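Below, chain A partners chain B and then partners chain C, in two separate complexes.
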Partner chain A sequence: MTSVTAPPRRRRAGLRAVPKVVWLFLLIPALVEVGMVFWPAVNSFYLSLTEWNGLGAAQPVGLDNFKNLFADEIFRGALWNNVIWAVGFGGLSVLGGLALAVALNRPRRGVGLYRSAIYLPMVFSLAVTGLFWRVQYQPDGTINTLLGAIGLESVERQWLADPDTALYAVLIAAVWRQVGYVMVLYLAGLKSTDPTLDDAAAVDGAGAWQRFRFVTWPQLRGVNTVVFAVTVIDSLRTFDIVWAMTQGGPYHSSELLSTYMFQQGFTFLNLGYASAIAVVIFVLALIFIITYLVRATKEEIA
Partner chain B sequence: MSSAPFSRRGFLAGIGGVGAASLLGACATGSDDSVGAASSTLTLQSSLSDPDPKAALTKVVEGYGKTPVTLNTIAIESFRAQLPTYLNSGNPPDVLTWYAGSVARDYASKGFLLDVSDLWTGSGACANFSPALKELSTADGKQIFVPTNYYWWGVFYRKSAFQEWGVQVPTTWDEFIAVCKTIKSKGVAPISMGTGSTPWVASGWFDYLNLRINGAEFHRELLAGKHSFDGPEVKTVMDHYRQLVEYIDPKGRSYSWQDAVTPLTSKKAGMYLIGAFITSGVPSDAVDDLDFFRVPIIDPSVPVAEEAPTDGYFASAKSKNTAGAKELLSYLASAPAQQQFIQLAKSSNLPTSQAVDTTTFAPLVQKGIKLLNESKAITQFFNRDSSDELQTTADTALTKFLDKPGDVNKILAEWQASAKKVLGS
Partner chain C sequence: MSTATLTPAPAKASSPPPAKPKRRRGWVFHAVMAPLTLLWVAPMVFVVVLAFRSFDDIAANGTAAWPVSFGLEGFREALGRGTMGRALWTSVQVTVPAVILSLLLASWAAYALARFHIPGRRAILLTMLAGNLLPPQILLIPVSRVMESLGIYDTLFALVTIHVGFGLGFYTFVLHGFMRSIPEELTEAARIDGAGPVQIYARIIMPLCRPSLAALGALATTWIFNDLIWAITVLRTEAKLPVTAALLNLQGGYVSNWNVVAAASVIAAVPTAIVFFTFQRHFVSGLLMGSNK
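Then we have the complex of A and B:
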């Protein structure tokens, strides 16, 4: 118990020792942060309770925006698409990234080349990724040509123009880019695992899967928290790639909350309604992150 | 340009827009320090960010000697989003680019736009503009807009291709369908239409069929919410649209309007109903071969109407230098400035001033002028005659219709429901 109470006392002594000038220097970025980040964010909470088109004063409408939201079919579609997106984007990029990291972890000839090649898409902006994939998905693009070449003409379709495939086509493009990033995170995690544990397990006769599941995986817990947080945040804020590829179309079939918010806010100037969507996105992100962090810390304590 | 706002959306100007919007928003609230400077320098806020029009406007503005003018060019996405903030701020831009239509009228009714009626009378710069343009620039009995150029829509085709296929320019609906049939029999898609990233293109046929069947008056009222999208009139329009569906290139669903020009120029598609801005997307060797015809007449008793989206400028009512703003508007509306802009921008737009010598313009453009002079009524385009928000309800309904023409009744009922929501708010 003494070790728990001691550090705060030491920290308090430290606080007093900080010169006043330093506080002043700290105050400036704090004010900038409050003025440029927190104040607008709080404002959007207020705006979500109003009707405002950017002209004159915002009209308070109570919870009407939220009531309308849940009666809005496009919004519900976008919410559902976001669920598909979070599961698909998160699941595929984590599975793919982890598999690649494990495969490319051991030093081997040319492994650096593979790692860089897989990480390469990450240096492209999502907008460029979107444009690149849009070309592949064109009716006469690479993908349909390839399918035709191997005799799968029946599978050929207009990937981005078909409401049944548009969202998934964009999802694949996004995962293609994200997987390299997740791989690098896991590679870093794998570097910090203890190879002797792995060797010991191998000597004890554990198979490759058992060694991964019971020896390596538990050691990756720290990285998992990071990957989970990054992926959830990335999937909720996904906007640019969808905008570049389909703009939520055809007829809202690939609409995400973020694209719908952008359209409502910046194309139609329904700023109150758009703020309400922003609040929903914020709450969703918060729920995910908090529940996960709470669970992660509990596990750590246990 | 009804094309520009939409086509550029695909290029993510929007993303920059969010950032720029928040920055500009911050500026607008703390901008009273430059009040003194405003009277000596005029600000022209422009959304013409494509290279050629931007260079053209820069050149035109350089030629203005009376007052120094600062030209701010902002991508249309942020421009549109920030327009209320510009107009509402303490020190707004004096003159802004915009287009004629319901959005400008909406701002005028809120008192944000400078009354420029005096430019339209006596020896004013707009006094010789056509009455149709004047009506278009009028809100609540006052003129609030200065149109400087406009363009026409038509069914574009390649002359050499029509010759190859042995088809004649159709003037009636039945002839048109027959031409489609012939072209299809040659293994060519009769109609090209890029409704992928630019779904608004699908409204071109809708607008025209409605104009041909129900007339301009009904069309305007429909877009103003006075008629129902699932009423019998619109159903007749969709019956005609449905006859076209089998002739429309199915790949167009993946194309933008620009992409859909390529099949037309390479003779893999026959015809394309689009605005005159198509010439900017056609290779120079094919431009001379490009021609257009009027959308065929369906009911001869309906007065012929054409779409002629009009671009120009308006001034902010809160401008610190209204006299200077009006002088700048007069300069921009003058014949030499119009001519210089149109030629430098390499567009096929038509000047609004009748003093511009159009004899040096390309034959295609002269034909466009004739087309509009012969029409009895002028409309803008779906979004300009209504709003961008109503446009997306049309995009949803029409692209869905192109995929599933059999569901037309259900689609129209949905369209009416979403249009009602937009118009009600």
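Then we have the complex of A and C:
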């Protein structure tokens, strides 16, 4: 695409004058977004420096909220859970999605059916996914019954009510939904790889793994960046599925930053403190947002 | 609530597979994939079966038992006293205007940015996209305050507004990419024939954007329909909650009535599943949009 600074003459004619109505076309959506997104975001930064219960005026307290946060064990637990979540959720869905994309890449009989089945969960809301899995996890549910059937009664437990397993139980449900999505991304990535390279490597005697590792994988770099950024942004946003399955419990064992923020803000009305948590989430997400935007810019230019 | 993505658009059509028959390895492929796929759909099948079982059957034999008696009482209860029927209608009232408004406003912004020499247009575009990538948590408290000060807190209008505002950036970005790919000659010719910017938008650009509008529409519909966090942020009255939020409330009220809970989650899942099957191709291409194709 031609650069904006030195457009060819014909384009300049079309682009130069901006009629008033076109400014309106831009301004109306931009104002809606400023009012609903940017202005609130800026406000959160301000609120994070205050103490406020929603009534009266917010009291400025400087950085107290942040100091308290790092002394707050529940917050630190939630932060650590978020790390586990990002690694587990990201790692498992990328591994699963990539493996399935490679397996289902070449057209052959049945591939369409398999693909549809695997990305179907993606259309359900996270809350629905949560309930689907709550049913499986409950004490006399499928999971315990299956474990019992193969003689593993000792492993049976109340998956969502046990602080040792709650987070992972929710994570599995979230991965189940995400794998199809990652698979779709990788399928697109694989489609844009050059099949002749793969064939050439096969002729030269490279095995399936070698061809994947040294021929296909390097060509997926662009998709990897996107998948990586998206997965981390998604894991920092994760709220619905935890809210639907455990609400962060038992004893905050499945608490994530987002659920803790929501509780502080909307249950306890500690609006300043909750805003401080939101700011932490934002700061953590920022680098990945930038990664994504850089990638988007590249595509704009391409 | 998935973050949308930008990936390279798939190449035109992958070259036809090499003509070496792999019959030998075909059955291995199916032997792995068929059970895996079954395992994948098993939770859904299980919930659907559970939804149709009777309460007595579940109470007597447990949720995981082989079903012995079927009925519609789960659905009847969920739609009636469980308020899922009302919630479905609420969701429609939110989703339809929110999707239409989002795409309309986004197409305006995209048209202005793609076709006119607006200073700093790339910065504007990326800023708008960045807004969509923000974690919603940083917006929740101020958004509920903004809605209060506008006097629309606890109304469906507020929910529509925030969906439109939050989604705009992404839709604009995608549509912008698509509009840039429409040949300049087309709009130029219309301009010479005396068409104004609004006519060019309505008569040329929008009709050509139909495929990407369809894809974005399918995507936006599922996102907005599936939303939970905005609904519980800007709504307070239980009777106004859309499907997802109502589902969670219902779960609290029917703790051991698993057939009702299962029926309610099936009810909440069916509309998006229908959108998915109807627009499957659009849906997948929607997920892949944002590229310059």
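Quick note on the criterion: the second predicted complex is superposed on the first by the 268 of 302 C-alpha atoms of A that agree within 3 Å, B and C clash if a C-alpha of one lies under 4 Å from a C-alpha of the other, contacts with A are read in each partner's own complex, and residues count from 1 in each chain.
Assume a contact is a pair of C-beta atoms (placed from the backbone, for glycine too) under 8 Å apart; a residue touches a chain by one contact, two chains touch by 3 or more.
This is a predicted model, so every value here is computed, not measured.
When the two structures are aligned on the shared chain, A:Ala117 is found in touch with chain C, with no touch to chain B. In the superposed pair of complexes, A:His252 makes contact with chain B only, with no contact to chain C. By the touch criterion defined above, A:Trp39 lies against chain C but remains apart from chain B after alignment on the C-alpha atoms of chain A.
When the shared chain is aligned, chain B and chain C each come close enough to touch A:Ala244. In the superposed pair of complexes, A:Phe268 makes contact with chain B only, with no contact to chain C. Look at A:Phe212: by the touch rule set out above, it reaches neither chain B nor chain C. Contacts of A:Pro163 after superposition on the shared chain: chain B is touched, whereas chain C is not. When the two complexes are overlaid on their common chain A, residue A:Phe228 makes contact with neither chain B nor chain C.
Between chain B and chain C, more residues of chain A are touched by C.
In the superposition on chain A, contact is made by A:Trp133 with chain C only, not with chain B. Looking at chain A, you'll find residues 40, 127, 138, 140, 239-240, 243-244, 262, 265-266 touch chain B in one structure and chain C in the other. Contact residues on chain B toward chain A in their complex (touch as defined above): 9-10, 12, 14-15, 17-18, 21-22, 77, 80-81, 84-85, 87-88, 110, 112, 196-197, 199, 250-251, 253-254, 259, 387-389, 392, 395-396, 399-400, 403, 425.
In the complex of the two chains, the chain A residues touching chain B come out as 40, 53-56, 127, 137-140, 158-161, 163, 239-240, 243-244, 246-247, 249-252, 262-263, 265-270.
Interface residues of chain C, counted against chain A in their complex, comprise 1-3, 5-11, 14-15, 17-18, 22, 26, 29-30, 32-34, 37, 40-44, 46-47, 50, 62-64, 105-106, 108-109, 111-113, 115-118, 121-122, 124-126, 128-143, 145-146, 161-162, 164-166, 168-169, 172-173, 177, 180, 184, 187-188, 191, 196-198, 201, 222, 225-229, 232-233, 244-245, 247-248, 251, 258, 261-262, 264-265, 268-269, 272-273, 275-276, 280, 283-284, 287-288, 290-292. Those residues of chain A lying in contact with chain C across their complex are 1, 4, 10-19, 21-23, 25-26, 28-30, 32-33, 35-41, 43-44, 47, 103-104, 106-110, 113-114, 116-128, 131-136, 138, 140-142, 144-146, 176, 178, 181, 184-185, 188-189, 191-192, 195-196, 199, 222-223, 226-227, 230, 233-234, 236-237, 239-240, 243-244, 257-258, 261-262, 265-266, 271, 274-275, 277-279, 281-282, 285, 289, 292-293, 295-297, 299-300, 302.
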